[in-house]
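Shared chain: chain A. Partners: chain B in the first complex, chain C in the second.
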Partner chain A sequence: FQYARVGADVTMKCGSMDWDAAVTWTVNGTDIDESHLNGSYLILKNVDLMQSGQYFCYEGSSWHLKYQTYLRVGTPPKEPVLMCRSNNYPKGFYCSWHLPTPTYIPNIFNISVIHGTKEMVCEKDAVLKNRCHIRYLQLFSTVKYKVTLTVTNALGKNFTTLTFDEFAIVKPDPPESVVAKPVPNNPRRLEVSWQNPSSWPDPESFPLKFFLRYRPLILDQWQHVELSDGTSHTITDAYAGKEYIIQVAAKDNDIGTWSDWSVAVHATPWTEEPKHLTTEAQITETTSASTSSFMAPPTTKICDKGAMVGSGAVAVCWTAGLVVAAYSVLFI
Partner chain B sequence: GDSWGIFTFLCAALCNLPALPALNCSEELGAGQSIQQTYDLTRYLEHQLRTLAGTYLNYLGPPFNEPDFNPPRLARAERVPSATVDLDLWRGLTDNARLAANYRAYSRLLCYLRVLDGQVGTAELRHRLAHFCASLQGLVLSIGGVMSSLGYPLPAGPPAPSGAPPASNDFLKKMDDFWLLKELQTWLWRSAKDFNRLKKRVPPAVVTLRLEARGF
Partner chain C sequence: MAGADSPSAALQRRDLCARGIRLAGKMRADVVDLLEAYAERQGLDASASVAAVEGVPAAAVERWDEQTGTQRLVENLAAYRAFRALLAQMLEEHREQLGEADAALGRALAAVLLQVSAFAYHLEELLRLESRGPPAEEEEEDEEEEEEADGPPPQPLGLFEQKLRGLGVLRELAQWAVRSARDLRQLAKPSPGSGSAPSLAESP
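Moving on, here comes the complex of A and B:
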């Protein structure tokens, strides 16, 4: 193996051959043009990634293999990105890292965690190569944790450090199994329920509080509710007939930061079924020009609760002008 | 020499003041103190402390007011019982032990803060400290009230300052102040968790505590 920095000049000697010997160099099976040779030396100027490969040097006439090497072109590591987080307080925390730009050659990462004067062991994650876990030995510590990550490769090394209090890095995972359901006979309600993230080990002693946000799909403005306990909430001010998008976030009651938002769920409040399947509808001449998916309801039902308005029905009802006016604002 | 004597005297004098268990006000308290209110008090104090600590650390000046300041703990005898505790030990604390640990810690912290109050330079800082001490005393009383209502004996008043002589130079004195604030902050974080646990285990007695006029 041989490593070279991008942009550097590489000189390869053909083993023990004299400078003036006649040789042929190949890279990945292809002969190299003589213009790159200085005697029997191979000169590669300003190497780039494409020049990585297997290089062979053969004696001119006998075609004996005199030298071979694998050249890997890469870069020394830039300052790594390190993040530490406790999503399972009070059990411990994990640290995760990566390089901002690839080096194209193998890198070795070394992490050290120091708490006061003690060096702590960071156990490698079973699955993820760039993550390790620390278990808290003590709770409510006044001393900060100092985590140093060093990255080394054949062309150089770099490092970064994080210093933090036990409490500062607490951030739960988002709530799980978020479910939103309409409430029968309540056109403005949606019942939302969720569960504590499964990674949070002790919600009894370390309760979570929650933040709910919801909006109809057609609007950009979110509405927010903060809930200090319980894992369910009923939205009572939903616009009838509108599809909603709902998300929930969690936070330890007292310390740390909010989790990311949960997976979004969609729900539409309950709407009264239009009674269009009666024979009355077939007899009357009031065929609406509506192209909505359900058949035109009998005239008496057109004005109910704006159920048809959301689908852009053409029919306009004078007696329910107020309702229409309210909803028409949404279409501006 | 002299400063040690003064320090001991000050602390002894000031520390006997808050040793008023809820027993004195038992007629007014009635059935007992709500744990929820004590919890709320710790959150309020934590909020107050953030402002106070910011101001005080700026008063101490660098490096104490730098966010990354992470000094080693000097080998001086710790004056205040530390909030730091082994996880399983903390989980296994009886309600009595849990409350007593809080009561003892805040009694002593209050004592040290009062000594600080007499020494700080600016009027603003004195005012903030005085306000904070008043609130902290309310917390001590509140915890005492909970203990009494549950039939637990109150721990003995804070003992005379043990072991450690006062700091020999200005920098060490500032270090002491820095760690005092750190311990206070950590205890307030811990208390929120302590009282969360107590809330679940002890049904709260729903009585409004009419606190004495002291500082409120």
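Moving on, here comes the complex of A and C:
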């Protein structure tokens, strides 16, 4: 392998051939024009990424292979982006990294984690190449952690350092299995329940608190509720008949920061079926088939990702939006 | 130890733990506010690294999840008794240096000192419930006197060192308040034996 920086000039010698020997250079099986030759030397000026490839040099008449090399054009690494977070407190934390721009050549990352004077082991993630995990050896320490990430490739080196407290990086994963249901015979209520993130190891000793936000699809403003315990909540001020979007976030009761918002769920409060739409035939059929004369609106509905508009936590279904808009025209 | 296992003792422990957790939470909030005010008044950076200060009990602990209930209570009590003395000293120094010039900070210090004293008493109650009884403070004072007799008397701290120590005291106290809430939650968990502590399950 041979490495060259983008924009550099590269000179390749055809092995032990004399300068004035007749040679042919090829790259990826294609002959290189003689204008790039200085005697038997191949001169590549101001190389770019497209000039990466396998280069061969053949003796003029015999076509004996005299030299080969794989040229990789790339860049030295920029300062890497490093992030550390504890989503499984008090077990430990992980650090993840990436380069802000690709180098197009192989890079080696080296991470060091120091707590006071002690160097800690960062175990590689089983799946992700750019992540490693540290187990806490001490808890409740005021001594900061210092994490240094160095990235090296054939063209250069760079590094970044993060310093933080044990508490500052604690950020749980979002709550899981969020479910929102209408409450029968209650047109302004929605029952919401969720579970602790499965990555949080000991919610009994390290309880989480939660933040619920909800709004009707037709409005932009969120309502917020902070809940210090429990994994359920009843919304009691929903607008009757309007579809709602609901999300939940979690935070350790005492330390750290809020999680990202959970996956959004949709629900519409219970509504009484309009009596004027019911025909005699339907009354007869309903009476004979079931004791209940009302159809409850659908329960939790999660939008298909393909039907979503917007990104992150504020996303709206196209179909839901159209339905609500239609109802809005009728009833508002 | 039979008393500690009875249903009424378990209920009493749970109740004391619950109140203690609330006390610790309030105390932490007040200490954090005091820490910021103190750093600002003293011209210090609240987040700056401060070397471990002699005599200030460090909240840092290894193998925290393996500690027994009694160990937790004894360590907590020793810490809060030490903080009680340290805060009293800080309050005295504050009054000597500033008098009435910074009454608000003095009041905040006094309020935290009161909470620390109350929490120490709370821990003593929990230890009595464990049928251990709290260790006598006189024993600790005697030990300190013996240690002091071995070496020269400590040099009085300069003004800057006093400020740094104060920062260290408040910072460690804030950590302890978090640790204490966690310790009490562990203690409140139902366990088969009076001294055993459940450990976190190991998982990859």
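Criterion: the second predicted complex is superposed on the first by the 275 of 332 C-alpha atoms of A that agree within 3 Å, B and C clash if a C-alpha of one lies under 4 Å from a C-alpha of the other, contacts with A are read in each partner's own complex, and residues count from 1 in each chain.
Convention: a residue touches a chain if its C-beta (ideal position, glycine included) is under 8 Å from a C-beta of that chain, and two chains touch if they have at least 3 such contacts.
In this text, all values refer to a predicted model and were calculated from it rather than measured experimentally.
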Superposition on chain A - do chain B and chain C clash or fit: clash
Touching partner for A:Pro201 - first (chain B), second (chain C), both, neither: second
Which superposed partner A:Ser16 touches (first chain B, second chain C, both, neither): neither
Which of chain B and chain C A:Ser35 touches, first, second, both or neither: neither
Chain B versus chain C as contact partner of A:Ser62, first or second or both or neither: neither
Chain B versus chain C as contact partner of A:Thr117, first or second or both or neither: first
Partner chain in contact with A:Gln221 - chain B first, chain C second, else both or neither: neither
Contacts of A:Ser141 with chain B and chain C, given as first, second, both or neither: both
Overlap of chain C and chain B interfaces on chain A (superposed complexes): 90, 137-144, 167, 204-207, 253-255
Chain A-touching residues of chain B, taken from the complex the two chains share: 43, 46, 68, 70, 72-73, 82-87, 90-91, 179, 182-183, 185-187, 189-190, 192-193, 196-197, 200
Residue ranges of chain A in contact with chain B within the complex: 90, 116-117, 136-144, 146, 163, 167, 204-207, 253-255
Chain C to chain A touching residues, read off their complex: 25, 28, 49-50, 58-62, 64-65, 171-172, 175-176, 178-179, 181-182, 185-186, 189, 200-201, 203-204
Of all residues in chain A, those that touch chain C in their complex: 90-91, 126, 137-144, 167, 201-202, 204-207, 253-255
